[in-house]
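What follows is a pair of complexes built around subunit A, which joins subunit B in one and subunit C in the other.
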Partner chain A sequence: MANEKKNFFDRMQALDRRYIYLVVALAIILPLIIPFNSKTYVTEPAENVYKKIDSFVSPETNLGRRDRAVLLVFNHDASTMAELFPMEVSILRHCFQRKIPVFTICFLPTAKPLMDYALQTAKEDFNVQSGIDYVNFGFKPWALFTPIVLGMGDDIAKAVETDDEGRIVENLEIMKEIKNYNEMNLVVDFAASAAVVRWITYARSRFGANVAAGVTAVMAADNYPYLQTGQLVGMLAGLKGAAEYEKLVDVFAMHRVKENGVEKIVSRNYSKEVLKDSWIKLSDIKNTSYKMARLGMNAQTIAHIMIIVFIVLGNIGYFVNKKRDAKK
Partner chain B sequence: MSFEAISNFIAAFFTLSIFSFLYKDNPFYKFAEAMFVGVSMGYAIPLVYINTFIPFVYRPIFVEHNFWILIPALMGSLYIFRFSKNYSWLSRYPIVFGMAIVGMGVPLSMHASVLVQMRSAMMPIETLNSALIFVGTITILLYFFFSKEHKGVYGKITNIGIWYMMVGFGASFGYTVMARISLLIGRIQFLLGDWLGVMK
Partner chain C sequence: MKRQIPLLIVIILGFIFAIHTFVPHKASADFYDWYQTWMKAISPFMVLLGIMSLFMVNTAKIRRKVPNWQYSVVTLLSLIVTGAIGFIWGTQEGTPFMWTFKNIQLPMGATMFSLLAFYIASAAYKAFRARSLEATVLLAAAIIVMLGQVPIGMAISKWIPEVSNWILNVPNLAAKRGIALGVGLGMTATSLKILLGIERTYLGGGE
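Let's turn to the complex of A and B:
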């Protein structure tokens, strides 16, 4: 037995796993250092989130209505930032560009710095003011989750009371035409857990609020039943969902045109035909934070090919060895 | 050296320390792990104190003299008796109160997670997707009906349920792989981009 000649598959199965780590690391590092443009296909759940937010834009002014708002809930910590942060920044950019009132809130202490960081990153290129264009409600203790979610159904200002800067929410200009879920008509929950279901349970079932999910890929499968029943208006699933939303924002909300040699942003409405023919060159986007997910998806593609190769090799090895053992 | 460069260097050091576990367990990994737990707690405690204790306990009682707040405050403080052998039973009172809130959510959960799902499964079968969902729901429900042996025609039907579940598990696994790779990509993007500046 000791002298038996080992075949390729025997050697592969006895391979030190650290070599596999090394190959996976290279499969990720190389596409990030040598970037390429892979096509980002936009799926319907991501499209629906975009279209819902864009529906808050008034056709007359082509700007966000003052009696409509989006609530972004940051329900995750830094461990899942890679997947959720790009989608948070993209949605904030969409709202800021289209002048759609936006609120942010978190119920986890560790989500607070990420929420602040996302706001800082997204508002870099926009002239937006806290209290007028957006409000950061800040960190609220988890014990108050249910009272706040239910309270927002009656009066947001009373449920939240103060914002992150300690101002009375009721007195803020942004709140003039916004009272409850009738106006704050979309809640997007960014979560690495089953927290989205709580928004469906309390805000959707009780008040009919529209809920969308921005979740890690691990949680995506759990949320599909809610998507299928229409309890979720849309979903961004993992890094892929983030890449899709980044693309939608660049193609429509941040659409760039050149006039007399000067580049300017002219937002346009969503159109399936335009999306089909659109091609965004990643190197044209200077700020890396605005293309993080699409760059990541390049590496993801290569890493997935590697994993598929490993799985196929492993299975061939299993059947080859099984056949060899049966012959003995 | 700017503050950003220093913070990136520290973050890179801890990222590499954690990655070093892939080679083998070592003191750098242990140090980074302990540091993470300590920093997380050190950050969370004052944040919760400022955002919870001050506005919801201290200010109402001592500034606004709303003494009704003493009742929930005292009830909440009973949690501390979890650490006492003789008085741990006192901590059950706030737990009971918490369970009442869970109870409040049961009808709404029933609606969101059971009734709406059932209603959508009862819609007319007009598309291929709805036909697949119908077959999947029925065969999987029959698979979990254990009062009848899974043999003969019944066994064949429940077998279809198994295939459906396998497809579901496969999809979940695929998503999980994607999620884990994404997290690695995030860290490598940080190392190559923010720290080394070689990412374009």
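Let's turn to the complex of A and C:
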């Protein structure tokens, strides 16, 4: 056997894994260095998150109602930033453009700088003020998670007490018409774990708050039962979900029109027909932070194809060798 | 007494909180408010306890020169330096703390998670074989879901994302729901055993 000449398939079966690593690295790095346009197809769970947030816009003023707010919960660390950060920035941009009051909070110390970073990135192009358009509740110890989630059902200001800048939340202008989950009617939990279930258990079941999830692709499968039952109003699943939300924001909230040669943003309401025919060229979006997920999806597409090619090659080799062994 | 008092605290408070969930009386709500105030006061001590524990474990490793004790030095140094720059210059944008986060913590964290892609590709090539009917079904499902997750799947055929969604919404959901029901029943049973003092392993002591 030792002297038997190895054929192509034998060599492929015993391929050094470092070659596989090299191919995967190239499949991921090259599309990021050389970006290309690919169409993003929006799925229903992502659409539902967008529509829910957009429902907080008053039809009269076409701006966010002051008695409605969205709570964004940052429940992850830097390791899952590639998937979750683009969706956080997109949702913040959506809220800032539509003037929907936003609250942010985190219960992990490692999530705090990410939350600050997301806020900094999203508010670059908007004239928004802390305490009026948004408020960052900052980091609260994990031990206080349940008391805060339950406490928000009665009084948000009482439950969190102070914001990230040490101000009394009750005194902030943003809180004038917002008391509890009746007003802060959507919680979006960004997590790489099953943390979103706790919001369903406490905020949804007890107070009827709407809960949505922004999770890594690995965790998405765990949340499908809650999507089907309606306990989750929507879900952004991994980089794909982030890319879908980026597109929704660009097509509707950040819709650009040219008037007398000057480009300006005119938000428009969600429409399935408009979405079907929309095509956003990535090269038209100058800020890389606003197209991060769609650029990443290019790399993910090539990586998935590579993995499928590897699986097919491995199986061809397996069956060829099996047939040869059977002949012997 | 060392075991009986903690056991008594758990049993009494466990029942009180269970009752609080189902009884919306003012006394119950007042008790919960009182508890919340205590929790806020106690939680900083938990952080302190964690830091003390980290120091004790790692200094012991350094003192005993156990294998890879150098990593403990790095852990402690990182903790001290990060904590110090956070206390001195604050944690806002533009501070050394944020610089450390963006240039050290962030790429290190991303690197750890991105290694998954390499392991998955290698494992898929080496182990994903259609050896049996079950393995073939798994293989086909994996390929369809992988294609359904990227735009090229839709470009090939509109059925690929449809089938991918069906796999996630029907067989995957059924399995997940079964697991969730099992876990839920297990948690209820364990909680009841703790409340009734039958389950005591959480107290330690190797009983």
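To be clear about the criterion, the second predicted complex is superposed on the first by the 328 of 328 C-alpha atoms of A that agree within 3 Å, B and C clash if a C-alpha of one lies under 4 Å from a C-alpha of the other, contacts with A are read in each partner's own complex, and residues count from 1 in each chain.
Everything below uses one rule, namely that a contact is a pair of C-beta atoms (placed from the backbone, for glycine too) under 8 Å apart; a residue touches a chain by one contact, two chains touch by 3 or more.
This one's a predicted model, so the numbers in the text were calculated from it and none came from an experiment.
By the touch criterion defined above, A:110 reaches both subunit B and subunit C. Of the two partner chains, neither subunit B nor subunit C is touched by A:128. When the two complexes are overlaid on their common chain A, residue A:120 makes contact with subunit C while staying clear of subunit B.
With both structures placed on the common chain, the touch criterion links A:307 to subunit B and to subunit C.
In the superposed pair of complexes, A:240 makes contact with subunit B and with subunit C alike. Once the two complexes are laid over each other on the shared chain, residue contacts for A:202 go to subunit B alone; subunit C is not touched. Within the superposed three-chain model, A:318 lies in touch with subunit C and out of touch with subunit B [touch as defined at top]. Contacts of A:292 after superposition: subunit B is touched, whereas subunit C is not reached.
When the shared chain is aligned, subunit B comes close enough to touch A:33, but subunit C does not.
Shared contact residues of subunit A with subunit B and subunit C: 21, 24-25, 28, 79-82, 110, 112, 141, 143-144, 217, 220-221, 225, 228, 238, 240, 300, 303-304, 307.
Chain contact summary for the complex, subunit A toward subunit B: residues 18, 21, 24-25, 28-29, 32-33, 35, 79-83, 109-110, 112, 138-141, 143-144, 146, 162, 197, 200-202, 204-206, 216-218, 220-221, 225-226, 228-231, 237-240, 283, 288, 292, 295-296, 299-300, 303-304, 307. If you check the complex, the residues on subunit C that touch subunit A are 32, 35-36, 39-40, 42-44, 46-47, 91-93, 97-98, 101-102, 105-110, 112-114, 117-118, 120-122, 124-126, 128-131, 139, 142-143, 146-147, 149-152, 154-155, 161, 165, 168-169, 172-173, 176-177, 180.
By the touch criterion given at the top, residues 22-23, 40, 43-44, 47-48, 51-52, 55-56, 101, 104-105, 108-109, 111-113, 116-117, 119-120, 133, 168, 171-172, 175-179, 181-189, 192-193, 198-200 of subunit B touch subunit A in their complex. Subunit A contributes residues 15, 17, 20-21, 23-25, 28, 38-41, 43, 77-82, 110, 112-113, 116-117, 120, 141, 143-144, 147, 150-151, 217, 220-222, 224-225, 228, 238, 240, 297, 300-301, 303-308, 310-311, 313-315, 318-319 to its touches with subunit C in the complex.
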